[in-house]
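Consider the two complexes below, in which subunit A is the common component and subunit B and subunit C are the respective partners.
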Partner chain A sequence: MPTPGYTREIPQRYRLEANKCKNCGKISFPPRLVCPYCGARNFEPTKLSDTGKIVTFTTIRVAPGRYAAYVPYSIAIIELNDGVKITTQVVDCKPEDLEIGKAVRIIFRKMYPEGKTGIICYGYKAVLI
Partner chain B sequence: MRDVYIIGVGMTKFGELWDKSLRDIFVESALSAMDDAGVDHIESMFVGSMTPGLFVGQEHIGALMADYLGAAPVPAVRVESACCSGGMALRLGFFEIASGNSDIVLVGGVEKMTDSADVTAALATAADQEYEVYHGITFPGLYALIARAHMARYGTTREQLASVSVKNHHNGSLNPRAQFQNEVTKEQVINATLIADPLTILDSSPVSDGAACAILVSEKYLKKPAVKIIGSGAATDRIALHQRDDITELRAVKVSAERAYRMAGIGPENIDFAEVHDCFSIAELCIIEELGFVEKGKSGPFIESGNTMLEGKIPVNTSGGLKAKGHPVGATGIAQVVEVVEQLKGTAGKRQLKNIHIGLTHNMGGSGASSVVHILKLVE
Partner chain C sequence: MIGIVGYGSYIPRYRIRADDIARQWGRDPETVKRGLLLKEKTVPGLDEDTITISVAAAKNALRRAEIEPGEIGALYIGSESHPYAVKPSGTVVAEALGITPEVHIADFEFACKAGTEAMYVAYAQVRAELVKYAMGIGADTSQGAPGDALEFSASAGGSAFIFGKEKVIAAVIDTYSYTTDTADFWRREGAFYPLHGGRFTGAPAYFKHILGAGRAILKKNNLKPEDFTYAVFHMPNGKFPMSAGKRLGFKREQMEPGWIVPLMGNTYSASSPTAFSATLDIAKPGDLILLVSFGSGAGSDAFIFKVTERINEVREKAEKVKDMLTRSPIYLDYGRYAKFRGKIIMNE
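Let's turn to the complex of A and B:
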């Protein structure tokens, strides 16, 4: 059984589910109870755009336990086409292939096995397009 | 509000203190602050510490430290705001005196990071676990993202980042309590092992043990010369770096500084020197912009041309900063106060500044989601 903590995150990690403020129209990811832009509390569900561009990036050379075996890996802040920004790994490319402004697509991925039971965690990653 | 004064400070050496425990180092620094102040009792205490639970498996350290200091039954509480836990402890102690609730308060900070913990994972708990850390980001990684954005936006260079580490190591070489008392060159910084591109290990503050304390009093216990806290400001920002509108802006730093300047009735032009939170070289650049020492985007050339050196226009991190003095996270905010008080009182030894009256401390948590600024003035 996945932990409750993991199960709760599935809508965001698997399907990029977000919420859109009914007052100001800004999208929050993950969904929030209070809009950080206008303070309103009414939202409608929406799904994030799965394409965007690199805002800034780095390559991680030293990582804690769960990612220690994966170094070096690259991470970027991506601004999606709907204006939402996310932090995610950029895979299937060399560190020197990354540039600010380059277009990416967000895709589903396996992350790592969780806890003692080894439940596989999933999430999202970016690839250059 | 009543006036609040610092009449004594103390700290341990920072570094790998393997022969001393969490409680040993806190009590050692508390006793040295009490001896410096010439007081034999306190009425209340605030202990800044980020995560003793993860580092050594010990929580409830307000009570623990009061007990081992021989101060129980005084009220004591641990204060947590990631890497600015110490600065926030000072702020709560300030209000404890200002409000009239106590006349003599001990504020301190402590962290024991070198015992055995997965330090990178423990520090990462200050970031957004679900939306940053889950994806493999680290603290050096977050500051690397800021560095890359600052370099792209403002033309900040790799050499300019390195000049922060060169300066802070030079200052640390003059500080007998610093973890690193060796000089480094720009070439060494740039060619050191990459941690998160473009940042190397020599852009990064170290893993440290250490503790620092200060004694705050009202007029009732005032002994001159003392240092008056003339401004205190704190602020918060979005916890995840990616959720901020501008990745190069540390808004909590800017707002906390504005609040402290307003309370003090002065501006950045009145600050003679500062201790700031250089957890990574890029942080010192962004911070001096937000504090108003230099225009946004111009910190690279400003630092590179020597303005923040000991003999510069506004010396920054005369202690060696987090980079060279060390960064036992919860202790850092109070250790900054120790440096500013010693500089103002003229006891800073080989790194002593001349003709100074007002100093500033800036301490921040995580990638800048919390920030606290204090402005300190000598009263003779």
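Let's turn to the complex of A and C:
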């Protein structure tokens, strides 16, 4: 990811900052300029819960280059306690440890470095709790 | 009263046993374990570094401090393994914690005492009344060359301490620093692994500075070892801290709560801070705790803390060090360990 784009997305990637529509009350994550539910343009910032549960998951055994060292690893759709669903990697466990409904915590981890000399990109992942 | 208002640690889940490292290099595991008093050590995950470890430890400190992140006016991180040569780890950590932009940030480096340096300056900032709260973090993903004695100990983890004047859980009674130019351990710019002076790292380095700082702060405050409930010394291996403590007049039971090195290894900048964190996990109001770090190059920072009643209110708000050390570790064989630590040459 180019550095300017990465920097602009820091609030959502580092701190799970989302937008809550002032018209319909629905939360958009990542934040949007127009509410996908009602079309309104007025939002207030909100921070998502850092705990939730696994809705579904899959195991990656043939990964893109940046993630090749992690295989086999799991990607899950997680429903956070405030109802927002996010997709992320579940780390520090084996794929067979995952089950639908298991509780997770969102943590701050390294996503990938941009080669040997570029910036290091950080973001959110999940661990079982 | 100025002191610690929140503390927290983070220890990765991955481990490698000393037996596996010894067998890899044709060494007798029992001799190694007996010599260093080390059983296993922590290993950072593929996606963990000093920055992610600092964030995790700092979040635990914030849980115990019960303050808004934005109230922190200074953030200092001590480490031997900052991910960037140029770009402070603190900038990323501060963004992740939500304490930017009104915050003073610096990264510190002083071998294994960079963590207590960060604590020292955080305390000084509060004492100077420049900020309301300041956070000092010691975190590392320590390096040790393959086959070297350091490979048995160099581990990963971190601890964070928030200093302030209100809601203090451990008051700072005094500090003292003892520093000389002693080339016992170093890593030149661009070098991947550190080098050390073998036995020279003992008497003229570790013991001279730990004992120098320890004796001086006791004398300065007219205190004796028996006045303290606990004492914590930097832990390059299992033997050195126990030996230094005994030479200062401390007993094994005063040092044992912080003696986490057999299961954690030497977490460099996070070593004595995490041992101190483990000691706070069991300390009672009124306890006096001596903390003496050591960083090669060389120097020691000494602190005397007095625990307050508030410790009992905050202790359970974050996970304790001993629980992190024993909670379902994931053991790596040497091959996976080498992959995790980037010791295998890969194509781009």
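Following the convention adopted for this analysis, the second predicted complex is superposed on the first by the 125 of 129 C-alpha atoms of A that agree within 3 Å, B and C clash if a C-alpha of one lies under 4 Å from a C-alpha of the other, contacts with A are read in each partner's own complex, and residues count from 1 in each chain.
To be clear about the criterion, a contact is a pair of C-beta atoms (placed from the backbone, for glycine too) under 8 Å apart; a residue touches a chain by one contact, two chains touch by 3 or more.
Small disclaimer: the values here were computed from a predicted structure and weren't measured.
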item: First, second, both or neither for A:Tyr122, with subunit B first and subunit C second; value: second
item: Which superposed partner A:Phe108 touches (first subunit B, second subunit C, both, neither); value: second
item: First (subunit B), second (subunit C), both or neither touched by A:Asp92; value: second
item: First, second, both or neither for A:Lys20, with subunit B first and subunit C second; value: neither
item: Comparing the two partners subunit B and subunit C, which touches a greater set of residues in subunit A; value: B
item: Which superposed partner A:Ala69 touches (first subunit B, second subunit C, both, neither); value: second
item: Subunit C-contacting residues of subunit A that also contact subunit B; value: 70, 111
item: Interface residues, subunit A side, partner subunit C - complex; value: 10, 14-15, 69-70, 91-93, 107-111, 115-116, 120, 122, 125
item: Residue numbers on subunit C that touch subunit A, as the complex places them; value: 12-14, 45-49, 51-52, 55-56, 83-84, 92, 95-96, 98, 330, 339, 348
item: Touching residues (chain side subunit B, partner subunit A) in the complex; value: 118, 120-121, 124, 130-132, 134-138, 140-141, 144-146, 148-149, 152, 193-199, 238, 240-243, 247
item: In the complex, subunit A residues that touch subunit B; value: 9, 12-13, 30, 36, 55-67, 70, 73, 75-77, 85-89, 95, 100, 111, 123
